[in-house]
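Okay, so chain A shows up in both of these, paired with chain B first and chain C after.
Right, the complex of A and B next:
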């Protein structure tokens, strides 16, 4: 209740305008949200002594060093890990978008037996985490001889991303006017052409939203890389950082640098796509 | 039609639906010396009653409910408060606040776990110095290392990371409330608090319910944070064990205990049932009761 009382116009004794209080609270929380990340990033560029002597200070000409980054790049294959993550994420997201759009189109455009059942099956997947099937996924991958391959991860991530993609894209397909496809059919345009040349371009904005929602959990996942592809050659960046930090936990320069290497690219991408992401979140696409 | 639906459905069924069903079936079997035999509900009975299993199981389940309770009591109210503040009319910089506060949510749970492990470390002393600077230094402790406080600390780290999700979803709903409803209440003489309590809150209840179920599913599926900070043993003395880490240990084994696929499947089945019950409860009760408020 104390929280809400701040929102009340304090009748009689209004020393501070309401907007100042609002800004103060939001600014305070912004600091709380960013402080830990900033501390890690600035200390990654400092000498060991400076890290401990003055953890909150910026690196200066005296304390500046890149030794942590050198150690990380020397002791582990960060380039390879990032590449693996990139390959897995791009392939999985690309296929989720394509197959998701195709399935959404089929489920909303064509009436057939089992349509409802399949729609329900996909809807279940939004709520039920795919992880719960891990025991069987692992034995399936063993029998397909896909353990320690990026293919295994891509396949699992497609299965993981499809339910939400089908749901969001179906909602979107429904808003496309029927006249459009009917006109094309009258001109005896093939169904394939209708989908790829008429529908798919119209789905672009929704696909951007789906892409962002699908990408984040894949890039950040530890569970499936740990279980399906823990080998050095197929390690993703999240697993790579986890293993590295676990191994060199006492080497502060290396640990801080490894974390910074994992954080900064994501933050750059986030800054570029944040408008897209927030529009997706706030447009009610996920309700 | 088959061309459009086929490939997606095939991958989804083979790598998601089938493994889940197969896991449910496998939980009714037991493997011994390479022989699998049908044992009915025996695995579940072992989990909840057998001395070596039940203690770990009930501990993980109880911890998971505590973990969830902290999220509901801290994450969602803070998210609500931030959303209400962000949606204040004519607020400048609201886009910037929104973007920055949401930032930690984008990062991997593993990275966040390590970041906080460093910040809370008594060796580095950042948190300790901070507490001293505001006069609370004597309350500092190695929170992550103590049995009594480790789970709560981890829950707060998770809350810190994910507060952006309730904030964003509630904020979106608040923006969608038609201005005339709010204006009407102001004309009728309601102050901001009354407007919030009587007009806005009922309208965002469906969103709060949805946020709750998303939190529930995510919490009962959590693994990465505990594994990154505490390892698969979820120490000290299993005090941070959640269903996710318990599942991992049961399936892959640890220390002297051998991993077991069928016991792992049984744990996964119980997690499935818990999540399913939560979702059902949401769909049938909460959703139905608040539907009349939707516009």
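Right, the complex of A and C next:
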């Protein structure tokens, strides 16, 4: 009885079924979202035959093996691929955040000619998938002599991430009281310093949100690395994994091990951002 | 410190005229209060002074220099906002030091300045705290401290006490008054609270619909309002207004008739008007007494507000409506009582149909209630 009453705080009986439903839905979603990842991870530690015999079984003393990891780490340039992915992701996310925050600040704070047009263009950028422009992007990169460079990828990913970043950050900039910038102006702070010392620190939670939204598609992308930077030196992790997927035989141990390893860096980055992310999501929801 | 001069300042937002030509002289070291109802343009005028808003027309001089179009930073002003506008991610010290640091002042100098201001405002214990860890009153002090450290020529306050609770507001008001005497700074202070205006201001500027209605010392405005608006605005409770017809115009003793036929004698120069003209008769609640035998009016008490040392009586006087009286707190009257009260002829005000005050003769200018 005591436990029962603790489950139902003063707010009454109707609360319990509601929270049970909510949690059931959330749990179901979590299971669906995590299932493929768990399958990848557990199978990465199993022998090839065990993978096919019982794809959902946990590795036991018979089936446990690290051969996939050995294959990936020793026989391929996995380090290089990870490095490429990391460089591209961090540069692109960093620049999207910086440029996005600057654009968001400029578009909401200053009234100038073309303000509306630029806002409109960014909105178009959200609506139209960048992959539609792949052919022209490729020909542009060819004429700029940027094919097979990481620069090409970084540039494309900035273009891909910027519109949504500007959109989300603009909403946050609007919630910053106008008096703060006015006080800073009275304090004889320059417009640049206002942005970097007053606005940017206040945008931190929002920027964490944007960082996560931007980071994951870039890390997972196969399309642009395949088209713009397929060279051995510039392969990213997703492209690197493809070498284990053959036309006739697929080295599943290596594929799954590589994917397992590829999860680690994003997981670390996500953990860094997530605390801020939750604050960002909720503060955006309440305001 | 510096003088400020406004010369026919106008402000237009698109097609909307907000300020219709403001002329004002503010002397060095003067505490000037801009007061008026919300939407009268007082805050806009302050923003024009600060440079946060552009002046549409007219000239603004600070320290004899024309500063139209100059950025806030270059005008030598400091502004304190109603919402305090403290930087939420900086502690108190950084909030106060930010402006100085940005302008490249030497670290030692900044430290001294901030410590000095913090001591003055008694916030030197709070320097490490973030704004969200402070109470409203403390935040207000930090905001004022941030203004002080910059040694501005002119302080601009935009309703700085409105967000404080009543007792803290009184306390902070007193401290502001003392601070002004200590700093001898030129201050422009916007408020809609007439008590703040009366207590703090050397000079009060009453604004109405984008125009200056009257400028003067607090008691000047109280005793000699030039218009009905000022008369109604200064003083609490509000001055009572009754419609009256002049039955005998005279340079000294005007005779008026109220709608109910009651005859009133007033020491007012009505020589510019003729018999039958309608005026608004003004009576301050504190000037009408139960003992006075002049100009007596009867009525029924409909409500009593006890404030302790005094009480407000709301009296229904028939077809003219309701009047408020300020009486002694010990008064024994009850709701529903019939009472008779009167007012000295030289305590009366009158305003013509353009709401301009008629000249008062032998005007009584002591605010005390003659018992």
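General remarks:
Everything that follows uses one rule, which is that the second predicted complex is superposed on the first by the 196 of 287 C-alpha atoms of A that agree within 3 Å, B and C clash if a C-alpha of one lies under 4 Å from a C-alpha of the other, contacts with A are read in each partner's own complex, and residues count from 1 in each chain.
The working rule: a contact is a pair of C-beta atoms (placed from the backbone, for glycine too) under 8 Å apart; a residue touches a chain by one contact, two chains touch by 3 or more.
The shown structure was predicted, so the numbers you read here are calculated from the model rather than taken from an experiment.
In the overlay built on the shared chain, the residue A:241 is in contact with chain B alone; chain C does not reach it.
Legend: residue contacts after superposition of the two complexes on their common chain; A:272 is shown touching neither chain B nor chain C.
By the touch criterion defined above, A:182 reaches chain C but does not reach chain B.
The larger set of touched chain A residues comes from B, when the choice is between chain B and chain C.
Once chain A of one complex is fitted onto chain A of the other, the partner contacts of A:38 are absent, as it touches neither chain B nor chain C. Of the two partner chains placed by superposition, only chain C is touched by A:197; chain B is not.
By the document's definition of touching, neither partner reaches A:116: not chain B, not chain C. Once chain A of one complex is fitted onto chain A of the other, the partner contacts of A:20 are absent, as it touches neither chain B nor chain C.
Partner chain C is touched in their complex by these residues of chain A: 177, 179-180, 182-190, 193, 197-198, 201-202.
Those residues of chain C that touch chain A in the complex are listed here as 50-52, 71-74, 77-79, 81-83, 85-89, 98-99, 102-103, 146, 150. Note for the complex: chain B touches chain A at residues 1, 3-5, 7-9, 11-20, 22-23, 26, 77-78, 81-82, 84-86, 88, 91, 93, 97-104, 106-111, 114-116, 118-119, 124-126, 129, 160, 163-164, 168-169, 171-172, 175-176, 191-193, 196-197, 210, 213, 217, 221, 223-224, 227-228, 244, 247, 251, 261, 264-265, 268-269, 271-272, 275-276, 279. Contact residues of chain A toward chain B in the complex are 3-5, 7-9, 18-19, 22-23, 25-27, 29-30, 32-34, 36-37, 39-40, 51-52, 55-56, 99-100, 102-103, 105-107, 110, 112, 118, 121-122, 125, 127-137, 139-140, 155-156, 158-160, 162-163, 166, 192, 195, 216, 219-220, 222-223, 226, 238, 241-242, 245, 252, 255-256, 259, 262-263, 266-267, 270-271, 274, 278, 281-284, 286-287.
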